[in-house]
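The data blocks that follow each hold one structure.
Paired with chain B in one complex and with chain C in the other, chain A is shared by the two complexes that follow.
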Partner chain A sequence: MTDANTAEPSDLGDIRENYLAQVQRRRLYGGLTLMIFVLLMVSGFVVADDRNAGGFWDGLHQIGDYPADVLSEAWEKRADLPSLLWKFLPALTETINIAAVSTLLGACAGLVLSLLATRGLARWPRLIPLFRRLMDMLRAFPEIVIALMLIFVLGGGPIPAMIAIALHTAGALGKMFSEVAENADLKPVEGLSSTGATWAQRMWLGVLPQVAPNYLSYALLRLEINIRASAILGFVGAGGIGYELRNTMAWGPGRFDEAAAIFVLLFSTIVLFDQVSSQYRNRLTEGLGQ
Partner chain B sequence: MLQVKQLTKKFGPKTAVDNISFDVSGSAMIGIIGRSGAGKSTFLRIMNRMDRATTGTISFDGLDVTAATGAAKRAWQSRCAMIFQQFNLVPRMDVASNVLHGTLNRRSTLATVFNLYPQADIHQAIEILDRLGIAEQAAKRADALSGGQQQRVAIARALMQDPEIILADEPIASLDPMNAQVVMQTLRRIHEEDGRMVIANLHALDTARRYCDRVIGMRDGRIVFDGTPEQLTTGVARDIYGAGDSFSEATTSTEIETPASVPRPAPVLA
Partner chain C sequence: MTAVDLDHAKTSAVHSFARKRLIGFTLLVLTLVYFVFIIFAFDVAGLAKRANWDNAVTLASDSWSYKTHVTRTNRTGEISYAVEGERKGEYPAGQRPDWVGGTADITVDLGEGHIVRLLPDNVTEFEVPGFGLIRAQAEGRQITTNLPDDLPEWINASTRRVAVTTPEGRVMITGAKTDIFNYFPGWELFWFTFESPYYGKSPTQILFGDQIDPARGNVAGAVSDVWNNPMWRHNDVAWAIGETILMAFLGTFGAAMVALPLAFLAAKRFTPIMILRAATRRLFDFVRGVDALIWTVVLARAFGPGPMTGALAILITDTGTFGKTFSEALENVDQKQIDGVASTGAKPLQRYRFGVIPQVAPVLLAQIFYFLESNTRSATIIGAITGGGIGLMLTQAIQTQKDWEEVAYYITLIIIMVMLMDWLSGWLRGKLIGWRN
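Coming up: the complex of A and B.
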């Protein structure tokens, strides 16, 4: 790696000296990096605390107040909880539908983009930077920004939210898919191209079987993230459970039981999808098809 | 004194190691031969405590190896080094760091995480590399080395542990015949010069014959042969490998020279 190789040391003493010098240098760099890191962290915290106008330390003990209010009110009205859960189930279904459709569309787009942006696999190798930048752009805009713009143009409702999340998903999954595809074995692809297969055939039959478990695992992870994202988009008028949550929270005390019911629904949905997806991923990686 | 008593390992319904027992007194170089799937690797892994035995015990100088847990288990692992078929080095680290990993059990986690090893250890690592003839590779990355060199780095890591026992799981199965010979001679030399016990799983009969003092043959998890290399006749070998009359030793041979001309070469490494 460094001069220990190029110098071609002849006897043991030289070898030892060179290696120790290399170790010293590495320790020095490591120590300096650590020092800079600690300095930046400390100074960052100091600046942030100043900007906070002293609010951080004063407000710290109040952090638990709002959750305590919500919990105590929800506990008083706990008898209503089952009916409230039932009441918000349709809204939750809408949220999950937005997430599922956008994950599906985003994953399909991400699949194509990733193969077009992977070295060694791309259909047009010269256009790799173009597709990469395209994915960067899709990722760079937060879902909420795209959704707000689309809601302004297309009106409120689930469709703008779906498009916004799908665009972000295409960029995010495209990058992850491309990293997986980069590690795929090229020999099967070579074998297929020796039979005269087209690019799409080579990708579908030569690459996908290798990367499918990883792709599915990433897509399931993205589905979880998208459920949260679609709930948040409800806050800006995209419908679903987020819209209901904003209403209950904005109304303040008196409807905290509904807010709690929505939190319970959201939490159990995330847990459910996490469990289902991890089980499914385990089955995939442990080789169901063998 | 190593004692293996009625050791059994089951994976679900499958029995990988089936009630094996043997003793080793003093230091010896032992070869375990048998087909793939005969339970050789499982036995070594149990000895190094990477796997747990289902029943039975292994004891070494009064220590019940199979019962050790936590720090005692890790202390035992540092006393019985393991060499793997695929070398199992950390590819992105330099050779000397890989050798220094042999000291991990003795050093604090915090220091080793930051790659801080005592100067004396670094000197020792380079001396061991020099003994194995690859000192000039010390600063290179492990994955830049050839297979034979990587296996010698793995042996150096094992020696850095200063172990009483060296376990070698198919140490030459991924190497060409020339490198295989260098690695086997290195193991033999370590056994002779340092008096460390070496237990090696081997594919090939002639390797076991040339380098080992004692050969154990395993088939379907059981010990079917335990004796000196001289007692290992072609008939016995057929039994170990479960082969018919068509079996000839040439099929498993990795030899460069014929065994007749060089029965057991003296170590040629400087």
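Coming up: the complex of A and C.
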């Protein structure tokens, strides 16, 4: 488009031709990209369908069978549902606790890491690349890897899951925090350093008050993600509601009422945290504008 | 400003400071109380009892080293040599490691003066520098030794079983067999197993040397032997990685394609009918709330284990997330561009295509590519649950609790895969959106 502007508008036909050629080229590129994408999707679908135990089209008819079985059995035994909900409440609390503690620990570690890895704020500016790579590493480790290895060493229970999620959270939040901190106003920091404040004081009093709303909002979002993660990790052996779910799943029919109770608990917890955190986050970010 | 005003300002400042301090202090105390509660709830004190540090040592040393077993079956006197004691790692008949010598009496040199001799009549002698000669004989199920009653920590002896662990290697004698473990750093047989004619050949020999296997060319044969290595299963591992990436790819883009039209339904700008809007939004909340874990469990029943199940689980969950963020982006589009397109006589679909999509495309694409990377990680975990991809191989290898070098190999590959996807998603975001760091 800039070509058309710089070219001398001597002849309207030239411009028109130029423009049409450009449009054609754009369409060609766009069409090619789209074609490659469609090709990838279709071949990917075929390969995935091929390597799956059950086919996609056969499974599509059965997709409702399992939920229907669970629901019908749960409906027959609906009188037991409240007591079952009560029975699995401790497991749910454990799952939430794992998420909350790991978010707290991860946010604290991420906070320190982010300040150490931000240009202009770092305590040791030369070590910024080191801390950045460290955060990348922490983020790249899927939680399940650390959790499974810790379960082998520390035995089952909530602690391996907690450590695994906290490490990942530190990396993930560290990166987001550092993006926020990069935009922080450096004047308060300069003012504080002129009074002889230490690095910790400069960060605590000069930077944190500026970034706190954003940090809190990211941490809340992370809490929501971590609740899901901690439920999933339970499924592979680290306590909580995921573990109970696996046990009832392994049992199959006859315990579908318990599976239903766990589904209900998990679903309502996730929705609750989702709604509350989204409300609170909206308030935090809106408050910034005022 | 008068002195009174200043005083007033000062007191109010002091008050506000005091209030802030109080709030900060209360928060700190509450957090500490919560941590104390957690220490009891998670039984941190019992951790020391539950933890098995031997496992940690095995894990740490096994992941970067391997052991070769020299095993004598006491009944027949037969001696076999195998890497990691696996059938697939057995030395071919007539071959043995170069640290084993002798014909009638087999001498195993573990290094640093540690020498084991396998003598007739099921006698085993172990020379340990600084300790002396340990001699043990297996007769039936009974084992007689020359060991004193007072034993150091690294020797574990009873009448049924004797185990001697030194930094150089380990000897284990039972009534049935004598096992000698010799440890070496590295991942043995990573490229070729003993069956392969290319074992022990250097890369230059394979690339430029004479033809080794008369049946096939050097390069083709070597590549096929590495690919089909029965010990490390590079073939299966590559497929597993491919499956995991496939799950993330199909799931993310499938979700985006399903979510985009639905997002129009959920946006106030484009759907004036309140009930339709609310229904779509509740649908998004529902599929997001059910969570990938439950979707995986439910879908695995219908589709069986495999990458398709994982891809669908990601697709359904992310449809909710994408739907929500897409509809938020659609709420914020500029009306002027739509009006402009409409003024040329464009139909509604054309108005969306040329008036709305170009405005929101960068935001949407950034979101999609960001999720592509994070879904690679999710796909690893979902694979472990539903049974597909590298996640399954990893959990299986961990559950056998002995192939830690394979676990280390898989973890390395997973990390590389996630980092590559991270880089790729960043690069694509930059390319397509023209956004540069």
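Methods note: the second predicted complex is superposed on the first by the 221 of 290 C-alpha atoms of A that agree within 3 Å, B and C clash if a C-alpha of one lies under 4 Å from a C-alpha of the other, contacts with A are read in each partner's own complex, and residues count from 1 in each chain.
Note that in this section a residue touches a chain if its C-beta (ideal position, glycine included) is under 8 Å from a C-beta of that chain, and two chains touch if they have at least 3 such contacts.
Computed from a predicted model, the values in this text were never measured in an experiment.
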Contacts of A:76 with chain B and chain C, given as first, second, both or neither: neither
Partner with the higher number of touched chain A residues, chain C or chain B: C
Chain B versus chain C as contact partner of A:19, first or second or both or neither: first
Touching both chain B and chain C, residues of chain A: none
Complex interface listing, chain B residues touching chain A: 94, 96, 114-116, 119, 122-123, 126-127, 130, 135-136, 138-141
Parts of chain A lying in touch with chain B, wherever the complex brings them together: 1-2, 4-5, 8-9, 12, 15-16, 18-20, 22-23, 26-27, 30
Chain C partner contacts - residues on chain A that touch it in the complex: 37, 40-41, 44-45, 47-49, 51-56, 59-60, 62-63, 65-67, 94, 97, 100-101, 104, 136-137, 139-145, 148-149, 152-155, 157-159, 162, 228, 231-232, 235-236, 242, 245, 249, 263, 266-268, 270-271, 274-275
Interface residues, chain C side, partner chain A - complex: 31, 34-35, 38, 41-44, 47, 50-53, 55-56, 59, 239, 243, 246-247, 249-250, 253-254, 285, 288-294, 297-299, 301-309, 311, 377, 380-381, 384-385, 387-388, 391, 394-395, 398, 401, 407, 411, 414-415, 418-419, 422
